[in-house]
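See the structures that follow.
The following pair of complexes shares a single chain, subunit A, combined with subunit B in the former and subunit C in the latter.
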Partner chain A sequence: MEMNMKDFMKSLPNRTKKALISNGAYKAYSSIACVLIGLLIGFLIMVCLSPADAFYDFGMMITGGLKYYELEGFGNILATMAPLLCCGVGVIFAYKTGIFNIGAAGQYVLGSFGALVFALQFKQHWTICILMAMIFGALWACIPALLKVFCNVNEVISGIMLNWIALFFVNYSYQTYLSDIVDPANSFKTKVVSAISPSSVLPNFGADPNVIGNTFTCAFLIAILIAVVAFILMEKTTFGYQLKASGYNRHATKYAGINAKKNAIITMAISGAIIGLGAALYYLAGVEEWSAQISTSLPQVPWNGIIVAFIAQLNPIGAIFASGFLSLISVGSTATSQSVFPKEISDLITAVIVYLSGLTAVTLRFIPWIKAKLKKKKEGEPKEMALSVNGSKGGK
Partner chain B sequence: MENNNYAIEMLNITKKFGPLYANKNVTLKIKKGEIHALLGENGAGKSTIMSILFGLYSPDEGKIRVNGKEVVIKDPNVANDLKIGMVHQHFKLVECYTLLENIILGKEIAKNHFVEDTEKKEHAVMTRLYIIEGLVRFLRLRKELTDVLKTAISDNDLRYILGHDYHFTQSQTNAILELPISELNDFKEKELLSEAKTLRDQFIELNGKKSNAFSKAVRATKYGFARFADWWNKTFYNVDLNKAAYDITEISRKYGLSVDLNCVTEDATVGMQQRTEILKMLYRNADILIFDEPTAVLSPQEIEGLLLIMKNLKREGKTIIFITHKLNEIKAVADRVTVLRRGETIGTYDVKKTSVTKLSDLMVGRHVATTLNKSKKKPGKAMLKIRNLTMFDNRKKKNVVSRVNFDVHAGEIVSIAGIDGNGQTELIYGITGLEKQTSGEVKFEDTVLKQKDIKSRNALGLSHIPEDRHKHGLVLDYDLKQNLVLRDFKDPRFQRFGFINSKNIRDNANKLIKEHDIRSSDGANSSARGMSGGNQQKAIIAREIARKPKVLVAVQPTRGVDVGAIQNIHSRLLEEKERGTAILLVSYELDEVFALSDRILVMYEGEIVGEFKPKDVTRQELGLYMSGAKRNYHFVEGGK
Partner chain C sequence: MGAQLAIFFSYIFIFAVALMIVAIGGMFSERSGIVNIGLEGTMVFGGFFGLLTLTGLYSIGLHPALIVMLTILVAIIAGAAYSLLLATVAIHLNADQTLIGTAMNLLATATVVVLAKRISPYATDTIEFLKDAFIIPLGKFDINIFLFLGIIILIVSWFALFKTRFGLRLRACGENPQSAASAGINVFKFRYIGVIISGALAGLGALAYIIPSSSSWNASSGVAGFGFLALAVLIFGAWKPVRIAGAALFFSFFMALSFCYFDLFYALFGVELSKNVGVTSELFKMIPYILSLVLLAFTSRKSRAPKAEGQPYERGQR
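So, the complex of A and B:
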């Protein structure tokens, strides 16, 4: 078996081989390992809760999103993945510059506000709604950035504060100035976008809602496009070069003549815009309506976006897979037997994974050690081979 | 018996960091009462072997014997117990403490007189109180038993019961037993109670007089937590500074270590801080003293002072290990020298019988010729003009650079000599734009730089080899090729419409790697963090020179770099000079200043105090200016 593996490795072209042992690949391996261990721990918890159902429901959680709900589930997964991915990419973008955008939730709230107001109140086309969501998110993200750059206020603190300010401002607006677009009959949720302004709903290419679910839209394409653009911006442009440099070593960027202050503000604006876009993709697809009454909790998606960022090891492309995985198990967890396993089990698993991915920095440190071990083994091997050859000769 | 001649024997020590040998089979034998120099280039393993001796690292293989006894030094505390002390290259002093406090830190003497008196009084009060309490109970008990049992139980029996059944302490029982029985009848309960009350008040008063911390310690001692009390004493106790100051003054007189004990550390000169470190070791009765490159930070005068101190220490019977790469210092004080090269022992030599050239050869393994600035070319026009440049430091609340004037001409190397921390760093910050200048003017050719940000200074042709390569010079998480375009990533060669041209960046890197002999594990792709200091520095210099600058500011370009790389860097700078670049060099190494400069400016306390041609001045003379003993600088517009 081992030999087969070796032959297989040998048969690969050089480029692939190089890619498989690159740093990026190691990051991916450690992420995957974290995900697997997280799943294992989740499974063990399920076994503890109810051994009899654990096997079936664990399988359900993983594949249920696709199997149980069929295509509708797939549509659902894509619809929930899109905003998650945007939030993840937004957080990654800021993080690369050394800013922890924990104010993602606030930017998300403002983004949703922008999208919904222009959809429900002004009945604009979906492109304009998305644009407004991005502008709202960007402007909101600029506040902690400006405070950080000019007043040296820690972005984590101001970000968290601004989350709540955003939430209460938005809910207050819905209940007072914008009471037309909320539905008192439906516990003050915003009215359904598709009913009020069909042109504001994201297009779904004429797919049949009965087959693929009524939340399926082009949102996932937009999100993936954003992730790819963010990746290119970060890795292939001088702008990204500057951003990452200031994230790694701000003294050196100053020395290099990079205006780190300007960059910090631009980054945060972009990060906020992407997160605002995520909100638009969520609410314009009609996954859910904004509830203006439950004003004590911030929306969950942007927080999960932070989780996506860390599982993806701060790589936008990785975020595509991470957000897909999180959507998969969160949709799948609704297919488990709810009486035995609450759907929070998927949250629990993601929490475990996040904790483990926090440890990847540690696991990555082991790689040189493992490499050295492997090398030693290899050095040892030929001797043994030589001996056995001698032995066989002797046998003859 | 032979063992007794040696204070320290380190036998066949091997220490590996990953695949690298920091020390390979190193053997070091140090005789009692000698000054033993440890000579080697940067990275030869001097610091590692000393760290092993001091317990900072544990060796992979090998034995250590101290005074003939085999020991395992697992941490610096063990080293301290073995009376081994170390003066680190970077002093480990608490900046906001006085020098005295720094010396006694961790070895404070408790202030005794007052507390002892109080404790005695307290003890007397307590004993009396116990006795009275005992007596009161005793009398009560007797009263209760009066009629029925008086005849049956004697007073002695009662006393026994008190001691045994009422859990009185031994001293209480004894005290009661000692009282004459006839006296017992005379005690009146009320009187006793009132006395007990006053005693209690007294006790509380006495207790309050002492610090809270101490009373806790006393209580702890009483309850038998002696170790805890000891710790408490050390941690929270009032320190007897006078006693310590007296002891330390004695020591400093003995060895000629003059320090102002009440000086706050951050205000003390480097030399004084170093003497403080030495006193710290002596105060702890260290017999074996390790000096880790002690002269690197000192002015020539201070160095002489230090060497004298080392001789004094030797005379008083201390053993000294002296790590250095300065040969003349070894020649001046050391008895024997052990040479290390690439982690291996080359040999131990008698200093008197070995010539400086021989030692130098042993150290580097090949002959090093100093690169000298022999060019006869006349300098061109003034490229960099500094006029009345002043930099104010908000933290120190003073001008760290004040009214500095000088010119640097094309094709000229101007060095700023001086001891670290005399405003050189800030001067360079002001010129390169890393910090805003407070007042004055910096002119680049004819452009006033005051309003220019770093980017436009770069564009004008100002290159800067920064003092701290990890802080400013490199993004350590970027790979080599990315670091090589750190200043020029916006150049059209490396980008188009903001998109990075990775092929050109790679080609540029490969070109510079080849030209400058930058060695790394993975060529252009190797991470900057993983490169050795010398190669990191070469990379920075390659990058700065490749920009074809008009003015090159080089600060400590050879700091922490091995001899081979130093030579390489020096010849690069001289090539640049030949090309017509105006070079401003800041260096704390006089050798380097003499080897490279056309003109030497000396900086002291933020001011230029002297200007010399290298051939017209001696090191001693320069040292006088560097340490502020002499000053003579009048700036003349347009040069002399």
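So, the complex of A and C:
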């Protein structure tokens, strides 16, 4: 078997071989490993909860989104994936410059506020609603960036504060001067967008809601487009290179004449805009209405966006797959028997996966060391290994 | 009027004690050099197992004093055990502490909701509990035992941090782990102790928040951002126990106000503060966060935060 594997590897063209052992491939392997271990842990938990049903319901969770609900499930998956992907890409964008955008939740809240106010209060076209969501998100994201650049405030702490300020501010607004657009009969949720202002709903290409579900819209296309654009911007442009450079070494970039302060603010604005867009894609597609009286917890989507970012190993293209997977199991988990396996099982699994991917960021650092070790073994010089250990560890 | 004031003050003390306990926990962790963003999740996890013990022991009819002790013990152990998720990977693997903390917050809520729904006969995520054993009635003013525990924790942690060799060494690990190590201090050990104390106090703080203030607990809403507020208290309190106590009192004033502003203002001044005049509870809840943001903006240039907090310690690094 091992021999066959070696023969197989030899038979591959050189380019494929290189791609399979590149750093990017290692990142992909570790992501997949995280997902598999996360699923395994989730399965074990399900076995603990009820051994008899675990096999069937675990399968249901993985495939149920597609099998159980058929096309409607597919529409739902795409609808939940779009905002998730946007949040993931937004978080990735900020992280590339070395900013952990834990304030994503606040920007998402403000984004949803922008979209819903312009949809329900001013009855604008959906493009304007999306634009306003992006502007609101971007402005909110600028606050931690400005505080970091000019007042040296840690962006994680200010982000946490701003999350809750955003939530309280938005709910305060809906309860007082915007009380016209919430529905007291429906436990103070915002009114249904499609009923108040049909032109604000995202277009769905005339697809039949009875077949593909009434949350299916063009949202997923916008989100995938954003992910691709973000990838190109980060990997293929000078601006992207500057951003990444200031993430690697702030002082070196300053020395090289890059205005790191300006870049930090621009990055955060873009990150916030993408996250705000995500919120618009969620609320303008009518996946859910905003509950104006729940001030005890922040929305879950932006937190899952952070999960997407790290499962994807901070690659926007990877984020497409990560958000697709998360949506798949979150829709699938509603198809399991709820009294035995509550739908939060999927949250549990994703939380385990992100915990594990927090570790792979660490293990990936050892890859050069492992590679060196393998090489040295081939050459038969195990003595110099110690040197390479120090070299890779003291690097930062 | 007296009744409203009594309720108001009892709320202030409930929140202040809980906030102070959790923030002091966070202080131990950050003083050792590890930022514990996962306080919120640790509270949810510890609090859940505490409440589970409480309801379980009530149903078998144990002596109240024993119930109180066991409940607190379980919450502390659960919180401490949960914080090991952060400690091990942050200390040995140099993992990103913010990411791990975020993961812990998500993991705690998901786990607790799944367990709560599974345990409940009706698949709901709300736990009902009796709090009599924790309350000492004193006329109009109910006193809960967490107040005493809080005062003890405040005194002990101040003494431990500033008057003992342990405290000096812990602070050294958070300020400059390399020189601490060169003086023969085991940085790993002290960071473990710091994080475990933070987990234990978060578990206790969760009980101090949940038990006196209500009679049922919803697992999905968890502790409603209380763990994050404790981080703000920690910053406001400049990483010092006595100041943290002051900051906790200050913050809980607004939190208590957000709960009983309507009755209080009506009884005291005869004004009706309702939605119609543009006042909701969110307005009061917002204030502590805004104030700490403003404070951060003005003081972060010469921050009193432990210098090495959030930075992994590697042997042999300069």
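Everything that follows uses one rule, which is that the second predicted complex is superposed on the first by the 348 of 396 C-alpha atoms of A that agree within 3 Å, B and C clash if a C-alpha of one lies under 4 Å from a C-alpha of the other, contacts with A are read in each partner's own complex, and residues count from 1 in each chain.
The rule we apply is simple: a contact is a pair of C-beta atoms (placed from the backbone, for glycine too) under 8 Å apart; a residue touches a chain by one contact, two chains touch by 3 or more.
Keep in mind it's a predicted model, so treat the numbers as computed, not measured.
Asks: After lining both complexes up on subunit A, report clash or fit for subunit B versus subunit C.
Replies: Once subunit A is superposed (C-alpha atoms), there is room for both subunit B and subunit C without a clash.
Asks: Between subunit B (first) and subunit C (second), which does A:342 come into contact with in this model arrangement: first, second, both, or neither?
Replies: second
Asks: Compare subunit B and subunit C by how many residues of subunit A each one touches, and report the one with more.
Replies: C
Asks: Of the two partner chains, subunit B (first) and subunit C (second), which one does A:372 touch, if any: first, second, both, or neither?
Replies: Touch status of A:372: first partner only.
Asks: Give one of first, second, both or neither to describe whether A:239 is in contact with subunit B, with subunit C, with both, or with none.
Replies: First partner only.
Asks: Once chain A of both complexes is superposed, is A:251 in touch with subunit B (first), subunit C (second), both, or neither?
Replies: The answer is first: A:251 touches subunit B but not subunit C.
Asks: Which partner chains sit in contact with A:277 here, subunit B, subunit C, both or neither? Use first/second/both/neither.
Replies: Neither partner.
Asks: Looking at the overlay, what does A:259 touch: subunit B (first), subunit C (second), both, or neither?
Replies: first
Asks: After superposing the two complexes on chain A, what is the shortest C-alpha distance between subunit B and subunit C, in Å?
Replies: Once the two complexes are overlaid, subunit B and subunit C approach no closer than 6 Å between C-alpha atoms.
Asks: From the superposed pair, tell me which subunit A residues show up as contacts to subunit B and also as contacts to subunit C.
Replies: none
Asks: Which of the residues in subunit A come into contact with subunit B in the complex?
Replies: Within the complex, subunit A contacts subunit B at residues 236-239, 241-242, 244-245, 248-249, 251-259, 368, 372.
Asks: Going by the contact rule at the top, pick out the subunit A residues touching subunit C in the complex.
Replies: Result: residues 45, 49, 100, 102, 147, 151-154, 156-158, 160-165, 168-169, 171-172, 175-177, 179, 294-298, 303, 306-307, 310, 338-340, 342, 344-345, 347-348, 350-352, 354-355, 358-359, 361-363, 390, 393-394 of subunit A touch subunit C.
Asks: Sort out for me which residues of subunit C touch subunit A in the complex.
Replies: Spelled out, the residues of subunit C in touch with subunit A are 35, 37, 85, 89, 93-96, 98-100, 102-107, 109-111, 113-114, 117-118, 123, 125, 220-222, 224-225, 228-229, 231-232, 235, 275, 278, 280-283, 285-286, 289-290, 292-293, 296-298, 300-301, 303, 314, 316-317.
Asks: Would you tell me which residues of subunit B are touching subunit A in their complex?
Replies: Listed in rising order, the residues are 18-19, 432, 434, 453-458, 464, 466, 471-478, 482, 486-487, 489-490, 494-495, 498-500, 502.
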